[in-house]
């Protein structure tokens, strides 16, 4: 317990949360906010889930594997929505979400 | 707004949150839990504050500078307590907290 | 320590957080999302701050008074913005934010 | 969407989160901290899960039903542990956790 296990997944989760926070803020400033409504909604969800996933992983929670399974779905939904838009913040967010979805799916399956 | 400002501070905050989550969990498993009670309490506080600081910074919140001023105090208190203990997780946490306290103090002052 | 102090403020904070979450979601579904962009942004901030304020109060945190001072500002900003709109969810949110701002200001001053 | 659905479940979640925050703090001040280590650990988990469950419910999240299924497990684990102790804060927390577990299980099943 002296060193943090799964450190790299913790970083992936927090990177994704940061990308989602940034994307939500940037979307709210776009001229066509209407078109970005789902993106804003899902970025809010994904930021909350990935933040919690990072924290559960860092604390080696007994519930982290089950949480990851659900977190993978949230990341995937956000990646799919962000992937529809051409803004740089959406493209960066989609990439961070896809990476986090893959890792969560993989780690959640090894429970 | 296309790229995230203050990206490096976001990382510092989330690194500190991760160190605090890990330290709190590890402290709860130590034989001398009694001696670690303040450390556990402050790691819980600091993990919550640094997580929120990372998120506010990533979203470029209008309240982030004021939050950083307070977050610096929380990080400093946690660094001081962790610095009293010889466990590897405490030493690593104290170092992460000191770094985050310094950055928060600096950024909070430039409001 | 057997009973929770400031229980009524904890409820006020969580009520405000719930109103902000609901208002942000409802605003994202309005036809005129553009007009609601600031409301969505501030509801997101206020939901985060009030949730944390409720938790810090419930745990009797040594940092709760300082946090309340800042939380009062966030609640006030959200109340002012929500107060500009005629949607039922905005009016309910403005009222919850005003109540929370008042209590946070009062409790924060008695530090 | 003008009024918040499931308002009563939102309150149950936040009540449970508050009870867990209070219990964790009180446990850390008990003379026999060693005996309370699992209780502190699970209260931390349960406070995080119930806070998020309250927020997801208030925002009518598309992921809330799946989250409730997992949240019910966390609440049940915390109720079982708190139920072993005679402190008033543990008994109050166990009761809040059982109520939240039941509601989450019921609502999660109606997805």
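Every chain is named by a letter (A, B, C and D) in the order it is written, and numbering of its residues begins at 1.
Following the convention adopted for this analysis, a contact is a pair of C-beta atoms (placed from the backbone, for glycine too) under 8 Å apart; a residue touches a chain by one contact, two chains touch by 3 or more.
Computed from a prediction, not measured in an experiment: that's the story for all the values here.
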item: Between C-D and B-D, the pair joined by more C-beta contacts; value: C-D
item: Chain B-chain D separation of Cα centroids, rounded to whole Å; value: 25
item: Distance between the centres, which are taken as Cα means, of chain D and chain C, whole angstrom; value: 21
item: For chain D, residues contacting two or more additional chains; value: 24-25, 29, 44, 55, 59
item: Arrangement of touching chains [line / ring / star / complete / other]; value: complete
item: Contact set on chain B toward chain A in their complex; value: 1-4, 7, 10-11, 14, 17-19, 21-22, 24-26, 29, 47, 51, 54-55, 58-60, 87-89
item: Chain D residues touching chain B - in the complex, by the definition given at the top; value: 24-25, 28-29, 33-34, 37, 40-41, 44
item: Contact set on chain A toward chain D in their complex; value: 44-45, 48-49, 52, 55-56, 59, 61-63, 66-67, 70, 73-74, 77
